[in-house]
Structure formats: C-alpha cells, structure tokens
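For reference, chains read A, B and C in written order, and residue numbers begin at 1 within each chain.
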Amino acid sequence: MSAAAIELREVNKSFGKTQIINGVSLAIERGERHAIIGPNGAGKSTLFNLISGRYEPSSGSILLNGEDVTGLKPFQINRKGLSRSFQITNIFHNLSVYENIRCGALWGSGHKYSFWHRVGGLHQVRHRAEEVMERIGLAPRRNMSAGTLSYAEQRALEIGITIAGGANVILLDEPTAGMSRTETAHAVELIRQVTEGRTLVMVEHDMGVVFDLADRISVLVYGEVIASGPPPDIRANAQVKEAYLGALHGENNSA
Amino acid sequence: MANLRMPPVNLGRWLLWGSTALLFIVAPLVFTQGFALTMMTQMGAFIIFALSYNMLLGQGGMLSFGHAVYSGLGAYFAVHALNMIGKGTLAFPVMLLPLVGGSAGLVFGVLFGYVTTRKAGTTFAMISLGIGELVHACVLMFPRFFGGEGGISTNRVVGHPFLGLTFGPAIQVYYLVAFWCFACMIAMFALTQTPLGRMANAVRDNPERAEFVGYDTQKVRFLQLVLAGFFAGISGALSCINFEIVTDENVSALRSGGVLLATFIGGTGFFFGPIIGSVVFIFFVVALSGFTQAWLLYLGLFFLAMVLYAPGGIASLLMMQLPVIRAGRFRRLLVPYLLALAAGLVAFAGLIGVVEMVYRISDASLDSQMSLFGVGFDAKSPQPWIAFALLLAAGLVALRLAAGHVGERWGAIHNELQGSEP
Amino acid sequence: MEFFIVQLLNGISYGLLLFMLSSGLTLVFSLMGVLNFAHASFYMLGAYFAYQVSTYIGFYPALVIAPLLVGGIGMLVERYGLRKVHRYGHVAELLFTFGLAYLIDEAVHLVWGRAAVEYRIPPSLEGPLFMVFTSQYPIYRGFMMLVSMAMLVSIWLMLTRTRIGLVIQAALTHPQTVEALGHNVPRVFMLVFGGGAALAGLAGVIGGNAFVTEPGMAAAVGPIIFVVVVVGGMGSLAGAFVASLLIGCLQTFSVGLDWKFAGLFARFGWTVTPETPFATLWNITLAQAAPVLPYLLMVLILIFRPRGLLGTRDG
C-alpha cells in the first residue's frame, strides 16, 4: 500500500490556553479529492496552516507522501510538492498577472536564486506560466497589475499561482468564497481540470461545490473530526446534521 | 488609476540605453562651467549609490537607514589600495579601483547582511540604523586604519597611466565615473530581469506568499543586500577617486539619509527613479548650499511634501502623464499645471523670505541688512516680514485652488479614458 | 565601592530617562504601528522650549509648559501629517517621521543657532542631595529620577485605571471594534501620539540641562532609543524598561572604566606590544569603546535572541 498523500497523526494545536485543533488524525490518499467542511471557527483554516507549515503543531505529526514534515518551514514543504491557496487573496499586487504566475513556477525551474540568468530566457518557465494563464482564463489580462483585477479574477489568479509550480498535493482554502453562481460553476470546472491526477484538499462552505467535486469529505467541529467518508455517508450522518443544524433544532424546540 | 506597465520593446530599449550613453559622453561639452563638471562627476557616483539603494528599497521592500556603511567602507578600502599603488606596493590599475571598493562592499554585505536580514520591515530599518551607528563609531575608534576625524587622503595620479590617462584632470575623472556609472546601470538593470530580481519584487509585495511558492525570503533579502553592497562599494571607491579623501562622513547617518532622500524623491517604483533623484539631490546639495544656509531645511520640506502628496516620486509623476499624452489630451492639463506651478513659486518665494530672515536675525554676528531677489531691506523692520508672510499665505491659498483645478481636469480626463476602454 | 554606587545611581537615572523616551515610542508603535523617527526630535524640542521658557519665566513653569507645547505639536503632526500618509503604509509613515526629524532639526538650527545653548539647572536644585562615601550625589539627579518615576507611574495608572486608558488598551489590538463601539479612534490616536510627544518633551526638559542642549542632541540619543526598543523587544513596555536600565547602566559604567583587553591578557602573562596584530583593538579602553557598546548589544541580541529580551512580536 503506497503512502497516503497527507497524513495527520494525533495533531493538536493550541494558541496559549485555547485549543483549536484537538487530536486530529486523518489520511488523504493520493489522487483523492478531499473536502473539509464544518461550522465557522471549527479550525479548518488552522488545519491548512498546520499542513502547509505556516504554524507548527503543538503535538502530533504531519506526513507528506510518507515523509515527516512536522515543523518544517512553508518553503521547505512547498519544495516537497505541496502548494496551497489562501482564503483571503494573497497575491503579489504590484506584479502583473503573468509575473504572478511566473513566480509560482520559478522555483520549479531549478534556477533558484540565480542572478545570472535572464528570466525571459527561461523557456520552460515561460511556457508553464502561459499555459496556466490560459487555463485560468486570465490571458487577456496578462499585463494588468494584479491589484487592479476584479475579485473573481483575483481568486482565479490565486488558484493559478498555487498550481503553477506543478505541485502534486494542492490545498485550496475556500476557493469560491464570495463568488456568484456563474463564477462558482466556472471555478469548479477549473478546479476539476487542474487537479486531474493530483491530490486535492479543499476547505469549502458551498455544499453544492463540495458534493460536486469531492471523493471524500471530513467534517471538522471544534477542532475534532467527527465524521469522514464518501459524500452519501456524510449526507446521512446524524452527528453531522446536528453539528450544522443543531442550533436550529434547539430553537424550534424551545420556541 | 491603472498601474502602468510598459511592455518591453527591444528597439525602444536599445534607443534608451544608446541615448543615455550619448548623454553621458556629450554632457561635459554642453555644460562647460568648472563647477558643472565636478557636479556631474558627483552625480555619476551618486547615481550608482542610489540605484544600489533602490535594489533594497524599491525592489526589495527593505528600508535601510544605514546604506552608507557599504559605500563608505568600500571607499576606505579603495583609498588604502590607492595609497598602496602610489607607494608601489600594489600593482593594480587605478581604472579598476572601483572593483576593490565593490569587493569590500560585498564582503561587508555578507557580514552585516547575515545579521540584518533576519528581520524585515520596521525592525530591519532600525537594525540598519544601529549597524550604521556601530560602524560610524568604530571608524572613529580605530584611527590607524580609518584616519580618525581627519580621514585618509590620497593622490589619484599614481600607478601607470592607462593609454595616456592619468586621471589627474577633472575631465578624465568625469569620464571614468561616467563609464562606471553606465556599466553599473546596465548591470543593475540586468539584475532586475533575473530570478533573484523577480523574486525580490515578489518578496517585497508579499513575503508570505513568496515562502509558499518555495522561496526562502530571508535568503532572497540577504542576496539582494549583498549585491546592493557590492554596487555601493563601487560608488564609494569612485567618490574616493574624485575627492581624494575619505573621512568618517562617508559612513555617517547623514550620507545614509541623503541617499534615502535622493532615491525617494526620484521615485522608488521605477528603475530610472533614483537616477532622477540623484541629479536633483546633488544639484540641491552642491548648487543650493552655496546660496543659502537653509538648503537642508528646503530639502527636508521638499521631501516631506513628496511623502505627503507624491509618494511615488518624480518618476511616478512623469509616468502618470504618459497615458494622457498618448491619448492626446495633455494639452488640457498644460494650463492648470502652469497655474499650479506659478502659485507654488509665489508660495516658495514667501517661504524663502521668511526662512532667510529668521536665519539672519538669529545669527547675532550678522547685521540685519540683507537682500533677496535683488531687493535690499532690513530684516528687523516689520514690512518685509508682512510682505513675505502675505506672499506665502497667498501662494498657499492659490496653490490649494490650482491643485483642486488640476484634480478636476485629471478626473474628467480619467473618466473619458475609462469610458473609451474596451 | 563608591564608584560602583555612584555610577549605578547615575546609570539608573539615565536609564529612567531612556525609558521615558522609549516608552512613548513603544506606546505609539504598539497602538498605531508607526515607528516615530522624530521621537528624539520631540525630546530636543522639549529641551529648547524649556530653555526659552525658563529664561522668560522660570524652570518650574517650563516643566509644565514645554511638554504641553511639544504635545500640541505632536497632535498637529498626527492630525495633519501622519493621518494623511497612513494609507500609503508603514514605510511611508516611517519616511514621513524621518523627514519630520530632519525638518525639526533644521528648524532648531534656524531659530537657536548651531551652538549649544545655556540651559541651566535651576539654583534651587543645585548642590548635593546626599553623600556616597566621598562623592556628592547631586540633587538634580534625584529630581530627575523623581519626575521620571512619577510620570511613569501616572501613565501606568492612567492606562489601567481610567476609561480612556482602557479604550487605548482595547484599541491596541482591536481598533475597528473600538471604533464600532462609538469611540473616536482617530482622536485616540491623536491623543496618544501627542502624549508620546509630550513624554519625550518632558524627558527633554529634565535631561536637557543635566546633559547638554544642542542641535545634535536628537541625533545623539535617537539611535540609542531604537536600540533600547529592539533589545527590549518591539512593542514590549516591560522589555523597554529592562533594556533602558540595562543600556543606561552599560553606558554610564563603561565611560568611567579604563579596562582593556590588553590588561586582561596581561593577567594571563601575554603582553601586547605595538607589533602585535590588531594591537589597537586590544588597547582600546572600555571608555573609548563606550559609544559602540549599545549597538554591539543589539547585534548580539539579534543573533541569539531575535525577538528581544521580552518581546512577543516577530518584527
């Protein structure tokens, strides 16, 4: 049995006295499309931050493709093949669209911190950037400063930067947040295409997107995984229903 | 307003660089007064200094208050090398002396860079200030190497002449500086087109995201600083050749502040910004300081005005006009601009009057009779005070109005251009 | 022993002065994210205003009037300058205060000239306070410590006990929430910035006559304050306190000591001659090296404990 793409073993995270992540153990298989859902404040973004190296777990371990990456820095984890996007758009606002994507692809070229190569002459990088730009549909905006794009365009760019490096494991944090129906449908198609053959982990609130894309779903409540399985199982899970609808149920009773 | 990005047009680039080279070559033939040559030589060395500073500020997002450390230490090592060439203990062409300065700058860039680039932003700025003060204090503590407060002097007419050039006459020094200035300009521009240069921009814009695309931001900043130190050292060595003396002033906070002022005034967002800033700054320092004691005050006010109203510097103000010119609508801005300029000049005249009078009065050793703009008056009598104060007030009011007018016209043109965009 | 006690007292009084300056800087930085490069210039203005006022009226009125004047200037600077630059980001704010420092320096040059002015300790505060063995400890130093402590205690009380203090504390971490609750956060910023300036001005009033009042005084003490803040830990008041006392004592003690490495080596039997490599270095006395020590400390802290002694922020 080949190693899981991402594996979390008894991961805990506290900030001071507040425990955000409580003994989470999870395994995400290679090539799987996995969604993490849960009410606000459940710790979904924190989980992403732990996996991608932004935070260090208070205890427990995180493995990427079978290798222990606990406590490594973000750039080290990225170089091992994991790339993530951000819930609040995190792009290079003064650079053009093309340059943004090229930055995402640059490390993969192997030229690292070179100051003796002309970046315009690195054909591999250029092709990759052009290709990604086409995929995310921003080629017409190629030379525009990223800070001047519309919200949906910036979200698309966000995804573009994330996949430009060719990472095998992709983490998308609320990729369709704030999008309209049409924009969301567009984004879902894009995500489906670019994650073909790769491992995708996605935090999402839009249930339509989740049930559309995900092979498996994990439900995070108060820092614990209360359920994990294929979509039909999650749909039918009583605990999940209570976690999401519990408050409503309670109100109806007491009213 | 849409950010401006000029797509690289190769013909345009050749033209630009070619005409710059031509300008360097022809300048002394156009500006023939004695002090013009020294001023241009100073500008040439300072351009390299300011461009190296912008590698940190404009390109890397690193605000440093201690950049003179690298140029100054480069100058000190260059002056010792030059003295050794003079004594015959070192055989090295004077023409290549800037490389000595550059190497020193590079080495200290590695040394100090290791400590300073661990932090970013405001903390980095303060650390750079501390290192600057540290080096300045050390320079005064070791007089054997640094010459104490008198510094180290030298003679540049040493070694074997290169093709008959001894670098004695000022014109030869100018061309030496111009050559290095041009070479460094090309080199630093080329650096912006490399992976390191591009990632430095990325780190400036969003250091966190740069980490998440696989780059160690600390390493990017470190390398950027080391390279900037190299070019700063070259500038220091040229300064040493030009003035034939290196003192603690070369590593002082004043010089670090000066390059910051110059770079910012010129504009950090464009490669040629610091070039403009250097020209303006050296002009202020050299020309203006001959006329008035208050030149640093005026410079400080100018700097503050830029920070408040035009933080992109002169370069950004110029570039802003381009789309308007291309759309053929610049004529409509001409008159409002001229009006604002006139109002500004009036206000400035009033300011000069007030400032110069205060200086006159506070200096007990001078009498109160003085003259400005060809008119003589007594600084102790109330009339000139009232006159200049009125001038200043009127000028400011007029400037306010004129600026509003400019703003309106801009808004109108902007709307038109937006409307016609696809 | 006598030397030790006298220098310790001097170091503490100087350190308290440094803390008066660095605490204002830290408060403004913590609250507004602005590192006020012109903070030492406010210190200088306080000294000069006090000099002017004490020549017309007297020292004790100056003790009140000068800080108020400087505080007023601080509020104007915030209202009409800093607030405008705020939207361009922290770098622009820092540059603004940097330019302001130049401007204030030059304005002081303009009005009071380039030489030091005779800002004297008032006769009522001259003379010895008590004797330490054979040395006299001046009344004025004691007065400085008294004023510093009184000011700092009252600031601490204000921050923790009064309503405005609680608002400031809340706005430190959640400015939008505080504004949503109806408090005028821009006005709070203005008051805090003005307060920081006034604090610096007060330090100038009591420090200017103990040390020297001259146009270079801002540039002399400014970098030290930044070192204090970096060593103590950015944004930490307690850290600034510890670092101020540490650096105050460090500078005071080292100026009076003639220790050198060559002496240390001699203890082990190594003699340093003019031929020894780096002979100059080994022969430098602590007193000569005194100006460099705070910066060396800063470099060491940065290498071994980058977040500062008591810092929690990470730059």
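In this text, a residue touches a chain if its C-beta (ideal position, glycine included) is under 8 Å from a C-beta of that chain, and two chains touch if they have at least 3 such contacts.
Quick caveat: nothing in here was measured; it's all calculated off a predicted structure.
Participant: Report back the single chain whose CA centre is most distant from the CA centre of subunit B.
Facilitator: The chain lying farthest from subunit B is A.
Participant: Give the identifier of the chain nearest to the protein's overall CA centre, each chain being represented by its own CA mean.
Facilitator: Looking at where each chain's C-alpha mean falls, the closest to the middle is B.
Participant: Express in whole angstrom the distance between the two chain centres, defined as the mean CA positions of subunit A and subunit C.
Facilitator: Centre separation, subunit A to subunit C: 47 Å.
Participant: Just the number, please: Cα centre separation of subunit A and subunit B in whole Å.
Facilitator: 44
Participant: Would you mind pulling out the distance in Å between where the CA atoms of subunit B average out and where those of subunit C do?
Facilitator: Averaging C-alpha atoms per chain gives centres 31 Å apart.
Participant: Under the stated contact criterion, what part of subunit C meets subunit B in this complex?
Facilitator: Residue list for subunit C touching subunit B: 29, 35, 81, 84-85, 88, 90-92, 94-96, 98-100, 102-103, 106-107, 109-113, 219, 223, 226-227, 229-230, 234, 280-281, 284, 288-289, 291-292, 295-296, 298-299, 302-303, 306, 315.
Participant: Across the complex, what residues on subunit A touch subunit B?
Facilitator: For this pair, the touching residues of subunit A are 52, 73-75, 78-79, 83-84, 86, 90-96, 99, 102-104, 106-109, 111-120, 122, 143-145, 147-148, 161, 164-165.
Participant: Sort out for me which residues of subunit B touch subunit C in the complex.
Facilitator: Touching subunit C from subunit B are residues 61, 63, 65, 115-116, 118-127, 129-131, 133-134, 137-138, 141-145, 253, 257, 260-261, 264, 294, 296-297, 299-301, 303-304, 307-308, 311, 355, 358-359, 362-363.
Participant: Could you pull out which subunit B residues touch subunit A in their complex?
Facilitator: Against subunit A, the touching part of subunit B is residues 2-3, 5, 7-8, 190-191, 193-199, 201-202, 204-206, 208-217, 219-220, 223, 227.
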